[in-house]
Structure formats: C-alpha cells, structure tokens
Amino acid sequence: MTLTRAHALGLIGAAALLPSCSGGNGNTIRIGSKNFTEEYAIAEIYAQALEAKGFKVDRSKFDLGSTQIAMAALQRGDIDLYPEYTGTGLLDVLHLPAMRDANAIYTTVRDAFQKQYHLTWLTPSPMNDSQALATTKAIAAKYGIATLSELSTLAPQLRLATIPEFTSRADGLPGLQNFYGGFKFKSVKVYDIGLKYDALLQGSADIATAFTTDGAIVADDLVIVTDDRHLWPAYNVAPVVRDDVLAEHPQIATILNAVSPLITDVAARQMNFAIEHDKADPADVAAKFLKAHAL
Amino acid sequence: MNYLFSHLDRVAQLGGAHLLLVAVALVLATAIALPLGVVAARSNRIQTPLLGVLGAIYTIPSLALLAVLVTWIGLGFATVLIALVAYGQFVLVRNIAAGIRAVPPAAVDAARGLGFSSQQRLRQIELPLALPAILGGLRIAAVSMIAIATLAAYVGAGGLGTLIFEGLAFHQPQRILAGSVCAMLLAVVIDALFRLAEKRATRYRVAA
Amino acid sequence: MPAGSFAVLVGPSGCGKSTLLRTANRLVVPTTGRVTLDSVDVASLEPTQLRRSIGYAIQAVGLFPHMTVSRNVAVVPELLGWTRDEIAVRVDELLALVDLDPTRYRDRYPRELSGGEAQRVGVARAIAARPRLLLMDEPFGAVDAIVRTSLQDELLRIARSLATTVLFVTHDVDEALRLADRLVVMREGRIVREGTPVAVLEDPQDGYVRDLFGDDETRAFRLQRARRALPA
C-alpha cells in the first residue's frame, strides 16, 4: 500500500477537526435553507435582516436536501432557524390531516412544534406557496374566471395542462372534482413540469396546474385562479427557531416579525423570477427586497 | 462555463472541499476494508454473509441514508464521511478479498515453507500481489465517492454538489455545468491516476 | 536419517510422501509420532524460525511474481536479518552456483524466465541461507526431460559441495535412483522399504517395491546403472 499509517491518521485527525470549525455561538446565528429557490431567497432575507441589526450569520447550511434533513438539523441544534411552510409542518412533519383554514394550520403547527420539539414558529408571511390553477389574463377575461368555483362549471369548455401526479393524487384533479364538483375538463394533457406553462402560452391549453408563487406568473402575464373555498392547505412561510436560541437572543423575533409581513405572493414571485429567469443571486435579490422596504 | 470562470474562487473552494471529503473517506474506507477483505479472503463462511450485508448497504438510497445519519450525527462533514465509507466497503472488500484469493497458491505455499510469518506473508506476498485488484477497487470506490459526495450539499457539508443543486433550484444551468464539469474532471483525473498506479503495480507481469 | 545424506522418498502420487516431507518443517503437524532434527523435536521449535533454517523447493516453484530474481533468492536471508551487503554477495554467488549469470538474471522478473531457469532460481532461494536440511517436493516435475537431467546433475553437485542433508520427493523412479544415496519407498502412507538404491534394487523384499521398479529386465538394467553410478 502506498498510503502509510501516518498519512491515514493525519487525515482522520483533519476530518475530526473540521466539523468543529463551523459551530458558532455568541452572536452568530446559523441559518438553514432547503435547496429550492424560494427557500434560499427567504433564508437570505432572514440572514440579511439579522445582519443589519448586528448579528453574524453562518450560511454554510444553505443547501439542505429535504424537510427531514432540515428538521433533524434544527432539532439537533446544527442550525438555529430556517424558513418552513405551515402546510409542510402540518402534513410532512406532524403527519396530521389537511386543514382548510390557514390560521388554524398556523396555530396547530405553532403549538405542536412548541410542545413536541421546543421550536418556535415566528409570525408567518402572507405569502402562500400553495397548489393552484393558473390561466392567461386573456382567457380569464374571456370566460370571466376569477375563482375555482367559477372555473368548476366552465371546465367542459377548457383544456388542462398538468403534470403526471396531478391527475391521480387525492389533492389533485380528483380532489377538485369531489370538493368543488364539476371540473370535467374538455381535455387533460400531461406535460413535463417545466413545459406546462409553455402549453398555456402557445395556446395548446387554457388552464395549467401551478404554484401560487411561481416566478413564471410575473413573467408571462398569467393569473392564479383563487381557491375561494380553500381546497388546498395554506403554505405560509415562517422562520422556525430553536427555543434556546430565541431565549438567548429575543431580538431575533422582533427583527424577523418585522420582515415577514412584507413577504407577499407578489414579492415571492418577483424574487423567484429574478433568480430563475434573470439569473440573479439569491443574496442580491434579498438585498434588493430589503432595500425596497427600507430595511 | 461563465459561472465557472466568474466564480473561480468559489468553485475552487467547493472543489477542494469535495476532494478532501473523498480523500479522507477513501483512506478511512480502505483502513476498514483491508482487515475485512483479508478475513473474507480467508473464509467463505465469513465472505458470503459479509458481502451480502455490504451489498445491501450499497443499495440504500443515498438521500435516505443521509437523512437517517443526520438524526444521529448531525449536519456536516462527518455524516457524509460515514455514508461514503459505508458505500465504499462493498467494492473495496470484494476486490481486496478477490485479489488475495487470486494469489498463486504456489507462492503462498513457498512463503509458508520458507518461513514467512502469516503477517509477513500478508504484507510482503499476498497484499503486493493483490495490489492491482485492490487499486482497481480503490479506483471504482473513489470515482463513485466523487459522484455520491455531490450529495454532501444536502447535509450542509459543501462540495461541488452545492453548485449543482443551486443550479437545479435556480434554473441556472451554468451553476449545474460548473459543478458537474468540475466533478467530472475530478473523477477523470482520479481514475487516470489510479489506472496509472495499477499499471505500475502490474509492471512485473508484462516486463519484457 | 544421517546428516549429509541425500534421501529420496519415492512412491505413487497420494502415497503420503509430500505429507511426510511437510512434517519436517511443520507445514503439516503429525497426529502421532515425532519428527526430530539433530535430535530436537521440531514440534518444540517456533515454526517460522524452524522453516527459515530449512530449505524448501516445490514443483510449482512458487517464485514471487512481483519480485525480481535477486529479491526472490534473498527472501530468507532478509527474513533472517542479514545485511544488505551480505545478501548482495550471496545472491550473486547463488545464481552462479545454479548456473545463471548474475548480471543477466538478477533483475529479471519470474515471468521472464523459462521453466528450467525458474526452477534453478527456486533451488537458489531454497539454499540461500545455507540450510542444514533441504526439502524438495518434486522440484523438477514440471520441466522437460533434458533440462531435468541437467538440473539433477547440478543438484547433486550442489548438495555434495554444501554437505547439506536433502529430503527429496519424487514419483519418478529413475530420478529417485539417480539422486538418492538413501531411498525410501512409500505406499499408502507407510514406509515399505528403505536402503541404498543398489540394496533396494537387489533385494526389494516386497512385491510392491519390486513392481515399482519395473519388470525383471528393467530392474536389472536399473540396478546395473545404479552400481555404475557408485563412486569408485
């Protein structure tokens, strides 16, 4: 073997030392983020808002691979806070049944997280990254579609562009049909997730499945059809913070609670659009957002 | 390639972290696999169940393994290291055992008869003769570790995966390209180095 | 077996001659009985130390393919901790002894040797540390007849010059008769006849032993040749 024992021991030593370099106490707040655009942008907003008030922020845990990993890291204290969605907390962490009322979801996750995990949900943002149906402004005007209730009866005249799982999932098309009634589309065409809006814009479909904060909605003159009877649970974003960190730094709550109300659907769409279409860096996008609100 | 060149510092830093991770994992994995491989080579009764278990570990989806490890070990270097070491075992142990088993029986008998202790026989005869197979295992393990180590980003351990997953999230193919080209380059270079080492280790077979 | 003798174990394959040979350096541990070397029971000796003091050469040669000829020859002196200079001198001396030009063969790998050359290196390796006893298990079994004869001649010359005791296993009766000053005939794990080649051929004492050396005519021819080979 060309690797000697001394080399091996040296490297193992290096490995043992590395994790201890990144831990931080004192005034450093370790913020996590799951690895999708909106989370990066919102985590950056939290980070820069805290930095503006004199905190140091460790961003080395910004690419977490899943909710499970982020939650495990938060519970273990590998991170101090990260942006989470109320709907995700309810369905994917607590494994509770879906609820219709956004406020009920928030209070449920807030109380359950406090009790079970000693984690605090701060004030949620109005931004709600939920499932939705979208259409073009032109079609909305032509048929007079503003809400899902209206759309349910107009569906037989319209063509739906969607992604594979939507046609079968209980909270997909079957859910729409059971909950609102109607929703018998003239045709249902399945597309790859990246192509469903193209179908809409090129006129080969009239309605597409969407997420309410998709950047494409800003870009392409699309509108979201309002879920007026709340079929889909709310996914409001909020900072979830460890209780011990909050006890040590109560200002975190004040600072972030001042920022969260500013993050609306429109703001989120604009940030997603800036990152995904204009190739902007999440840090720059967050800085611009905070500057626009004079923070 | 714009991102690669405009953010050379960041790419180099992530690439360095990636390489360090794989290097440490490979050394640790080999340190564990060597005794296991030797024991497996000596006994079928150990080799069969051992390779069965290691093969089963090899098939666990990486993200699932990382998610489980995070709850025990936490975010960061150590978690990915454990995952990489665990994934490396199958190929390494299999190749080490196969290499030792392929040592000519006459050489083993001669070594015993001439008075090599079993340690001396292992170090001076069996391991050197198994070296090409062992290096082959190291090469495959290293290249697969370079690929799996992109998932280090999932648990906050950095590496080139950071660029790839950012690129996927932001719809910024330049970041994906920068990350994957560097990972690929790393894999190609490591592969070539191990092939060179294998060739050197087998020179005696083709010496003219 | 007296020191300095050249004893050959002969018998068909599977008769236990290799096993008997391998008890001498504890590669095989006898279930009953004792093996003594200079009236010391080998079972009381540390196996690796014992083996380093005994030469060992086998049919498959078992040269270490990743080592050059000189390193192969040097393994036992190295295990015994000889100095580098002592080893270098000894290697050249040994290669010359087995009729291989050191400058041409020293740095070759086993792969680059013919069967006969490999076997010479095997013999050189076996006697490198001047063992008092040399065990040889069909060492010339895999080489052709002409090479075998010359290897036998050299072995006889070497064995006489070193005054080493040789224990040699073969199933080839002509080889046995040619090399042995003491012949041991084995059958199914037992020694059935022991003596000089001439004595055994003159008086086999046993139908099995007699048949081993061929029909009457062949045996007479072999006896004649054995008598002729005796030193004057």
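Every chain is named by a letter (A, B and C) in the order it is written, and numbering of its residues begins at 1.
In this section, contacts are C-beta pairs under 8 Å (C-beta built on N, C-alpha and C of every residue); 3 or more make two chains touch, one makes a residue touch a chain.
Keep in mind that this is a model prediction, so the values were computed, not measured.
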item	value
Chain contact graph, described as a line, ring, star, complete graph or other shape	line
Central chain of the complex, centres being mean CA coordinates	B
Between subunit B and subunit C, centroid-to-centroid distance (C-alpha), Å	46
Mean-CA-position distance for subunit C and subunit A (Å)	82
Centre distance in Å when subunit A and subunit B are each reduced to the mean of their C-alpha atoms	36
Junction residues of subunit B - those touching two or more other chains	131
Touching residues on subunit B, where the partner in the complex is subunit C	104-117, 120, 125, 128-129, 131, 204-208
List of subunit B residues in touch with subunit A within their complex	20, 23-24, 27-28, 30-31, 34, 63, 66-67, 70-71, 74-78, 81, 127, 131, 134, 151, 153-156, 158, 161-162, 165-166, 168-172, 174, 197
Residues on subunit A engaged by subunit B in the complex (per definition of touch)	1-3, 7-8, 11-12, 14-15, 18-19, 22, 32, 35-37, 40, 60-66, 68-69, 72-73, 75-76, 78-79, 275-277, 279, 282
Touching residues on subunit C, where the partner in the complex is subunit B	22, 25, 27, 47-54, 56, 58, 60-67, 75-76, 79, 108-112, 122, 125-126, 135
